[in-house]
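For reference, the structures are reproduced in the following blocks.
Shared chain: chain A. Partners: chain B in the first complex, chain C in the second.
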Partner chain A sequence: MEHKSKYPVSHVVGFLFSLVLTFVAVFVALKMNVSYTIVMWIIGSLAVLQAGLQLFMFMHVTEGEDGKTNVINMAYAAFVAIVIVAGSIWVLTSGHAAH
Partner chain B sequence: MSANINHSLPLEYQTEQNRLNILGFWVFLGAEIVLFATLFAVYGVLGHRYAGGPTPSDIFKLNDVLIETLLLLTSSFTCGLAVFFMRQRNMKQLLVWFIITLLLGAGFLFMEIREFIHYVHEGATMQTSAFLSSFFVLLGTHGAHVTFGIIWAIMLIIQLLQRGLTPVTARKMFIISLYWHFLDVVWIFIFTFVYLKGMVG
Partner chain C sequence: MGIKWNEIFVGGDPLLVGSQIAIVLTVVAIVVGLTYFKKWGWLWREWLTTVDHKKIGIMYILSGVLMFFRGGMDGLLMKAQTARPEMNFLDAQHYNEIFTTHGVIMILFMAMPFLIGLMNVVVPLQIGARDVAFPQLNALSFWLFFSGAMLFNISFVVGGSPDAGWTSYFPLAGKEFSPGIGNNYYAIALQIAGLGTLMTGINFIVTILKMRAPGMTLMKMPMFTWTTFITSIIIVAAFPIFTVALALMTFDRLYGTHFFTLSSGGSDMLWANLFWLWGHPEVYIVILPAFGIFSEVIATFSRKTLFGYTSMVVSIVGIAFLSMIVWVHHFYTMDAGPAVNSFFSITTMLIAVPTGVKIFNWLFTMRKGRIQFTTAMLWALAFVPNFVIGGVTGVMLAMAAADFQYHNTLFLVAHFHYVLIPGVVFAVFAGLYYWWPKMFGFMLNEKLGKYHFWLFTIGFNVTFMPMFFLGLKGAVRRAYTYSAESGFAPLFLVSAIGSIILAIGFAVFCYNIYWSFRYAKRNVFHDPWDARTLEWMTASPVQFYNFAVVPEVKQLDAFWHMKKRGETLTLKESDIKKIHMPSNSGLPFYMAVVFGITGFFLVFEAHIAAAVAAIGIVVGLIIRSFDYNDGYYVSVDEIKETERTWRNVEGGTENHVG
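Then we have the complex of A and B:
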């Protein structure tokens, strides 16, 4: 469970990291002079990182006796989400273009 | 079941019923992830079919989007603080931070509605192009979730004031905090794969 500390240290740290990640993503997307593909990979990774931060530092996904179940459930949901998004784009754009 | 109270755990985990409700809500969030994934998929496929209408870089404004992002991110943080103080049985701090969360959420909604009205005035409506249809459906679904969350939160505040902190109200507070954090997680992806993607290059 949560540490019995008097101050919400992990929340503050999580918040500061989220702010940093947000502004780094803006900087990379709008100010850095690299190709579109590289930008998307970097800001995509930053988004996943920030989502993980929320999940672990704010939502405490691992806590409680069902913590492991929650992690498996979230990992599976993320897997299905990636299949739906990447699969749809793949089939409906590059697949379509081949014909 | 509620007779079986384990006092060594935080209030919201003390009864079997509470633990099952929290687990059930995590399962619901798994389904919500898939719901939003389908909308992201539609946007990913149709997002660059402009039909002669405006493109993302024509209409998106970085400042407004950043303000929305910071409002929602901060509200997710203050919601975490509300639960932190709930676990210290500090009702006053819990209410203060929860109400701040609500105000930030309302600020986000205000900015988003203003943004949509602005787009419509520029001739960028749901009917304009496939890009804008999928854009409004994805963003609108998220905005509807935020709206519902605010109504839910107001009702919960009333109940907290009436009943005080019990295992039942604590569980409800914890579950709405999961919901609220989840909405911020969805926004991170909207911010990245809709707004930033649209403004690159």
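Then we have the complex of A and C:
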């Protein structure tokens, strides 16, 4: 095996951007004086943005030769993410649990 | 650093002092033994630094045996305490600690390593690979798991055990109600072990997708490989949830955040929700590989191809989806309303369908087969009816309305033991008897195996069957005692007697390992069971490079058909090429040590010490990043030499298919 010691630019950039996005979220949640709903929307969008960023910068979605596996993987990941987020919100905001 | 040394060593209780002394003596004995027999170098070279999937698998299995012993002791202590009404053997606090450590250890440190151990040993061989995709990562997985397990295990003598149940529900598990450090062990030890498991999941997905022998398409993979594959996917989907939940728990307990607390806007039910979002898939993580083991064992000893292979694959893939959407059945009584409860009732009943499909597949595989009643096969046979009892009572519990009655009783406890013991423990035993010759080059004694089998299955039923009825009569779980007037006494006593039979069964198993190591015939045939899959094509025990020449696969049950065609072991020496193998590394072991130390300081909330120790982790990561060791080559001569030793063994080149 050969190892071209190329500098991992995309990883470093991705890492810095992730940090920035995280700190922006912290700032929005703790320091900004807007309503709860707006905060939720902003940090939710930042989270989705960061997930997308990491997919490209760390996970090399564009580089794989095996397209089908990639699609199945991402579909399943999306399914799991939706189940976790939407499912938890649904469960925790209905019935007695809501009060 | 804020450590109060007098808090660290739990004293007073004779049981605990006894264990402390026993632990110290064992450690001293091991150290003296290793030094006396000059085995330190051997230990380091052959085991602690190994990246060989077979050795890593064996270390996982060894840990599983040890942890089964520990968890089983906990189980026996509980059974002793409840054998008679109003016993004073364990007090309430001690009972709480014991059912907590029992549950955690049995699931995470017994079932998981046993299964991951078998996966490690068998899967690369079954797909004709030389190792897993990332051998050093695999070693790191093991060592992180081991580090977490040890950290968790010292809790009962160092600082006090967690005592909020294996589910560690908030608010009880929070700082307000459990101010001691016991529950920190839960949060931190499970985190470290969980990291290891997550990496195992990734490793096996890549291994199975990328490293199959030429010709082995997905639909020609052995069933155990399939179940390992789907299990790995569920691990990657579900473990991060637990990672996050544990991290939030750690923040709550150590740094005063309010994710799960009652005050300041926390939500205690969020913990239960996240826990079971991981916890239910976890049940399938332990059950699917077990199903794979039964599939291999049943096909081999019925001497037939697995019935309904495609439907089997479809049903495990179905489980990968359904297992993610049933979690609320663990807390119907939280009462998230009729819509939520109905939805999860239906999904839970649905998931019984693919499981039922499998049961029928196994039955039809056996139908008209020439069944051989080996010990491994006995476990598989006993699994079917016992697991069905667990499954049927599970469907009873799935009905949300009925669950309000069963919830929190011993009925539930009996149910999940009927799923986990036949489903996982029987499978592990079947797998061990079946693959033992592959791992060690000698068989476990079949006669002792049968004693083990009968004692264990009978003991198991006598222990847990009464618990269904106790539960229906209203005996609650996690209660350390009951009154004489309750009328529970006779059934509890029967159950306690059963647990002794169970324990004797396990003792026979341990004796069997010892006996076979000393006396069993060496040099067994490489294919002693006349089996069907590729792992039986190579030597027993397997040479470190697995296959001299990677086999070419033409259909399902590849090895069986090769034997039929008579092309088994005719190896043309000109086909042998040099083999590339990964080098050993001490880094995974080092990481386990620094993770363990960091974890230990965190448990005791010694933040500065923990931060200093954590530098060690970062150093390890940096060393790894600059590690350019690409492994080494095994020369053709060495391969020829090794192959000649076993291919001449009795009947070496014969074909054994009738």
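We adopt the following convention: the second predicted complex is superposed on the first by the 69 of 99 C-alpha atoms of A that agree within 3 Å, B and C clash if a C-alpha of one lies under 4 Å from a C-alpha of the other, contacts with A are read in each partner's own complex, and residues count from 1 in each chain.
Rule of thumb we're sticking to: a contact is a pair of C-beta atoms (placed from the backbone, for glycine too) under 8 Å apart; a residue touches a chain by one contact, two chains touch by 3 or more.
These numbers come from a predicted model, not from an experiment.
More residues of chain A lie in touch with B than with the remaining chain of the pair chain B and chain C.
Look at A:F79: by the touch rule set out above, it reaches chain C but stays clear of chain B.
Residue contacts after overlaying the shared chain place A:S88 against chain B and chain C alike. In the superposition on chain A, A:S18 makes contact with chain B only, not with chain C. Once chain A of one complex is fitted onto chain A of the other, the partner contacts of A:K31 are absent, as it touches neither chain B nor chain C.
In the superposition on chain A, A:L55 contacts chain B only, with no contact to chain C.
Under the contact criterion defined above, the residues of chain A that touch both chain B in one complex and chain C in the other are 1, 66, 69, 76-77, 80, 84, 87-88, 92. Residues 1-2, 8, 11, 14-15, 18-19, 22, 25-26, 29-30, 36, 39-40, 43-44, 46-47, 50-51, 54-55, 57-59, 61, 64-66, 69-70, 73-74, 76-78, 80-82, 84-85, 87-89, 92-93 of chain A touch chain B in their complex. The residues of chain A lying in touch with chain C in their complex are 1, 3, 66, 69, 76-77, 79-80, 83-84, 87-88, 90-92, 94-97.
On the side of chain B, the complex with chain A involves touching residues 9-10, 13, 19, 22-23, 26-27, 29-31, 33-34, 36-38, 40-42, 44-45, 62, 66, 69-70, 73-74, 76-77, 79-81, 84, 87, 177-178, 181-182, 184-185, 188-189, 191-193, 196-197, 199-201. Per the touch definition, chain C reaches chain A in the complex via residues 209, 233, 237, 241, 267, 269-270, 273-274, 277, 320-321, 324-325, 327-328, 334-341, 628, 630.
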